[in-house]
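There are two complexes below, and they share chain A, which is joined by chain B in the first and by chain C in the second.
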Partner chain A sequence: MTATSLQPKSLTTDARVRVRAKRLVLYTILVSVTGLFLGPFGWLILSGLKTQGELAASPVHWLPDVFQWHNFADAFHQIDFLGYARNSLVIALIYATLVTLSSAWVGFGFARLDAPGKKVLFGVLLGSMMLPQMVTLLPTYLIFAKVGMVDTYWPWVLWGLSAAPYLVFLFRQFFAGMPRELEEAAIVDGCGYATIFWRIFLPQSWPVLSASFIIAFTWTWGDYIAPQLLLSTDRTTLAVAVMTAYVNDGGTPVPELQAAASVMYVVPILLIFLIAQRGFVAGMSTSGLK
Partner chain B sequence: MRPHAGAPLSRRRFLSLSAAGAATGAAALSGCAMQVSSGVSGSGETVTVMVNSGDILPEQVQQAKKDLGIKIVLVKYDITKLIAMLTSGNPPDLVRGVGAVDSPFFAARDVAEELDPYFSRSGVLKVDDLDPVNDLWRFDGRTQGKGPRYGMAKDFSQDSMYWYNTSAFDKAGVDHPSETEPVTYEEWQETAKRLVQRKSGQTTVFGGSYGGLTRSTLLTTMTASAGGSLFNDDFSRVDFTAPEARKALAWYIDYCKTKVGPSLIQPDPNGWDGPTYQAGRLAMSNSGYWMGGMIYPDKKLAEVSRLAPAPLFAGGTRISACQGGTGLWMPKKAKNKDAAWRVFEWFFGEEPAKARAGGGWGIPSLKSMRSLMPAQEDAQKRALKVQENELKHFSVVSFTPYTRADALDALFNQIAPAAMNGQISVDTLAGRLNSAINEQLKRGKEQVG
Partner chain C sequence: MTVDQISSVADRPDAAARAGRAPAVGGSRTSMTARRHRAFYMFTSPWIIGFLLLTVTPMVYALWLSFTTFDGISPNWKYVGLGNYRELLNDPVTWDSLGRAGLFALTSVPLSIIAGLVLAVLVNRPIKARGLFRTLLYLPAVVPPVGAGLAFKLLFDQNSGASNGVLTFFGFDAVGWLADPYARYVLLMTVLWGAGNVMIISLAGLQDVPRELHEAARIDGASAWRTFRSITVPLLSPVLLFQTVTGMIASVQTIMPLLLAPLGDTSGITTVPQSNYLYMMHVFAQYFALGRYGYASALLWVLFVLILAVTGLIFKFTSGAVFYNVDPEAKK
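For the complex of A and B:
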């Protein structure tokens, strides 16, 4: 009797131990992987706090002898940091807003409307994702130069209005999963497709909208090539300024300032992600792209 | 009836709102994409200058607006962008270029404006005041260094010279190099071998770096130092199997193989010598006078740093070329040439030039400004003395007009590591380089016509 009553208790303890052991292994792996991913960012922060000599030291100087907090202030003041950040913000907001709406509109079309050649068109759209940006770089410049849009923010408006293939795909997947009855009921009530999109589909797609906005914002905030190609030094973005403007009198890079500036440069993106991560994750998972 | 909140947008209202939004947006986006505080606004002539950060400072842009009445719009130098701008027929008015390699390239393609007429009427830039380094910006249709001028160097160094750290020499018990007489390349490498420090198979202190500004200019210059020429008479072919070129190539491959300094197979994580030298991890740095600009402010480093003459090959010619000569050139299709020339004069002959001369980051390209070179501190005096002596050995080493140095470097970087790792011989490497580079030059010659 004693033996039989003890056995289940002992099994429970074993199971708990096993569960705990599994969790321990899982958490160890997760912490290690997180550390691996955060490592470069941590290294960047440390680099921004070192002297140039410590950065170049061998063996590696893991921690600075004296934390050079002034590097951050110097990086902030050596260039018009806020001015470039404002330029980045304006361009990113313009593009992210427009491309989210236009991609949603195009995605809706592919998801809910039928027309001859739809599949081919969708294939072409997806195929355009495979085209490297470098291939279209020179023609893009020439087109914008011809119409006098170089050194303006118009290209970002036009790119925004022309939808992005990846985001179209995201929206198409999301809209395709919405019940057909919603659309049919609206049609019975006399709604056209524009109204159905605007009043029924769009309000229900906040997760994808926020995911799309974050993705588009991040693309533009981090884009180096387009602003470098199309904008002058005064009108360019923070990405270009951080990469190119921290030089000494001899024109050679000042890596500690560049590192400090890079940390400040990524902060807005991290904040946006932290604030909107629920919507972002939901958007990615509900669109079938998890 | 006024639509209530949340009511669907009528088509008319949607269109009117869109039109208003578009009008506002257009105004905001067209001419007035936002400028940072360095931007100069206002009326007057505008000159677009394509340079690197630090070439022209924001305060200098503002000063130019005041002094010249010209608004300078800076565009970051980028070869892709430059080609795009040239192709679109709307190039910058002035463009940064490396005289040693860019001037024949752009002049041969007929995209650079000949500047002799401008120099002849200039009250600021007199031809007899130009340092010989500016001959790097001359091209007669075949040979660099002769013929019309297409640009000017902002400052320069003799890039085969090297700086060394006396502490590293003393620690290794090696005699300091002479400040007047050059060592041979062979001696330089032997010294580097004695100075290199390794721990657990890792190099902790490089014995010396020797990479030139580019591999192409390094090998061109070293071949000249060995008494030959890397290119044939019309610069349409290279021959690495010629004795002098092979000698230079063999020396460089040996330098890489022995791992006494940074190279393709042992890169310096810092990307350039400055931070490594500053950290005491590089005993000799193949950098010219310009690196003094970095050294002088660091008193401890300045005390132990010395500049030495460019090495030469045993039995070879003593030459000390400039592999850079970075400056500006004016595209033929520049829209505002007169204003661009005024900016050119200001940049090379007025305040910006004086500021550069006093900074120690290079030798002024006007002889009249040499007196402005820094000579207050002992370290500055010492370096200046060595540099003044070295200037006597300056010569222009001509580069091919048929390709860019970075294109040749890309080929070299693909092919040479096999030799650096000992997988192929120097002779095999020379043959492969000849094939690949001559093919490239052939295409370039066809383009030039």
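For the complex of A and C:
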């Protein structure tokens, strides 16, 4: 073999090795980062399967000697788990349904209609997204207390009816992209805008409607502070119950039941996300930029 | 209006009546404009009313409270003018907690944006099981705060947490992660755990970067890093700006310190370790533990003004650096 024929051949093998090495590094990074990201949730599940002794053991007791599946049943019975889950569900359904409809309604206005002051209002809408909710929530709580709406679900009805800027923006982007002819023909036919919205635009916006509904549902299901402030221990949501109710008579926490309960609290949200992933992600990323 | 459309209006007496007059072209256009204006306000009114009632009213109410000693119970509260503001300026806890919140924002926001961006670039490559990686990396971002807080509490438990298990396995001493001074790192990690959020949004931006740009860069012999720095980042800059602003606002109002604290009294404030005692925790303590609504409202208003100022500054200083690829209005 001469040097000339060897040279290009070894270069290609070299390049191939380099590509393969690069790919190996990439997969190693991805797999380890993914492992790290799943770690906390895995640990939560493992903790929910241990005994209290194992959970307090030092040094760490990596795996339970016997998987304590009954922890999940116990967590169900130690508190009125189903009752709290129902409260969460009711609040989340009320809010998600109302806020999706109201945001679609408002979004339609911003996308398809004009009036003096529209620019300013839209600016205020975008600006209000920057407003930390915590700043308004605390005084809102005082007002709700004053008008006797504490320990009722009315706050969620009102919040739902008044549309969420984030979702309004989502709908506005979607409706603005629909062809003009849609409503022009309907106007000529004598339809009012409400009819146009309800009969023509809404039925075509299932992707956004479902994305909005799921986003709003997960917000409410995950919200800890509003129900903690506004609702009493009986009427409160699963988020608050999981956080605070797993204590024994002496007031000390029961971590294995709390872990099991929080797995049962989190899994529905993960399932909803996995099932509706596409719309959810599309919704998140649209609102992010465009 | 075309002749066809006019005749179709004329064919329907109810439609013509609704337009207010005979369908003469000019007249019907004016009334249609008026109709559109009315309709605009009809459609946007739920938000306008809600904004006035549930955002503006509470803010104004809080502003009024911030000039008083109102505590919700005692009937003889009084107007103290700027007294609360004077007090908060002289309260070292205000400054310390504000400093901690600032430090937390300055570390958590850039770190999670960088982490999310790196992840986005990684999972944007043509690799196997790309969708699976994306899903799994994003998953933590959907875990509700209560679940995330508890998971991290168990993971970083001084005795039985996996983190100390790993440390002691390698011969290090166990660390009191959830107490001072380490609690801040756990708090930071809870934020980084949600970096999938930035990843997903950046990924959408990455996919919008025109392929030709990358190809042109490669032909010109640009390195991967150079391409990333000169093409990807500028084109993603609106996304990054959005992430910076929303990330900052999220960091100011996070309740994670409460969720990471040992279960103490109902509000949990007293058990939050010093290093996680951010500004919002100071507000909570004043509001709930002490019931000092007036003083807490002053703290909230200071925070509100600070956020406005910081957001304004961010927008001002990035206005030249942010590159808008397409005019969003022109895209329609």
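The rule is simple: the second predicted complex is superposed on the first by the 226 of 290 C-alpha atoms of A that agree within 3 Å, B and C clash if a C-alpha of one lies under 4 Å from a C-alpha of the other, contacts with A are read in each partner's own complex, and residues count from 1 in each chain.
In the analysis below, contacts are C-beta pairs under 8 Å (C-beta built on N, C-alpha and C of every residue); 3 or more make two chains touch, one makes a residue touch a chain.
Just so it is clear, the model here is predicted, and its values are computed rather than measured.
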{"item": "Touched partner set for A:W198, first chain B, second chain C, both or neither", "value": "first"}
{"item": "Chain C versus chain B, contacts on chain A by residue", "value": "C"}
{"item": "Touched partner set for A:I187, first chain B, second chain C, both or neither", "value": "second"}
{"item": "First, second, both or neither for A:Q133, with chain B first and chain C second", "value": "second"}
{"item": "Which of chain B and chain C A:R86 touches, first, second, both or neither", "value": "first"}
{"item": "Partner chain in contact with A:I275 - chain B first, chain C second, else both or neither", "value": "neither"}
{"item": "Which of chain B and chain C A:K118 touches, first, second, both or neither", "value": "second"}
{"item": "Partner chain(s) touched by A:T244 [first = chain B, second = chain C, both, neither]", "value": "both"}
{"item": "Touching partner for A:V157 - first (chain B), second (chain C), both, neither", "value": "first"}
{"item": "Partner chain(s) touched by A:S232 [first = chain B, second = chain C, both, neither]", "value": "first"}
{"item": "Chain B and chain C contact sites that coincide on chain A, given as residue numbers", "value": "54-59, 138, 142, 145, 244, 247, 253, 255"}
{"item": "In the complex, chain B residues that touch chain A", "value": "8-9, 25, 28-31, 33-39, 48, 52-55, 73-76, 78, 80-81, 83-85, 87-88, 90, 199, 202, 204, 269-272, 274-276, 278-279, 281, 290-291, 293-294, 359, 361-362"}
{"item": "Complex contact set, residues of chain A against chain B", "value": "52-59, 79-80, 83-84, 86-87, 90, 137-138, 141-142, 145-146, 150-154, 157, 195, 198-199, 228-229, 231-236, 240, 244-253, 255"}
{"item": "Residue numbers on chain A that touch chain C, as the complex places them", "value": "23, 26-27, 29-30, 33-34, 37-41, 43-44, 47, 54-62, 102, 105-106, 108-110, 113-116, 118, 121, 124-125, 128-136, 138-140, 142-143, 145, 158-159, 161-163, 165, 168, 176-177, 187-190, 192-194, 197, 218, 221-225, 239, 242-244, 247, 253, 255, 258-259, 262-263, 265-266, 269-270, 273-274, 277, 281, 284-286, 288-290"}
{"item": "Residue numbers on chain C that touch chain A, as the complex places them", "value": "1, 5, 8-9, 12, 14-15, 18-19, 32, 35-44, 46-51, 53-55, 57-59, 61-62, 65, 72, 119, 122-123, 125, 127, 133, 135-140, 142-152, 154-155, 158-162, 164-165, 168, 174, 193, 196-197, 200-201, 203-205, 238-239, 242-243, 245-246, 249, 252-253, 255, 259, 263, 266, 280, 283, 287, 293, 296-297, 300, 303-304, 307, 311, 328, 331-332"}
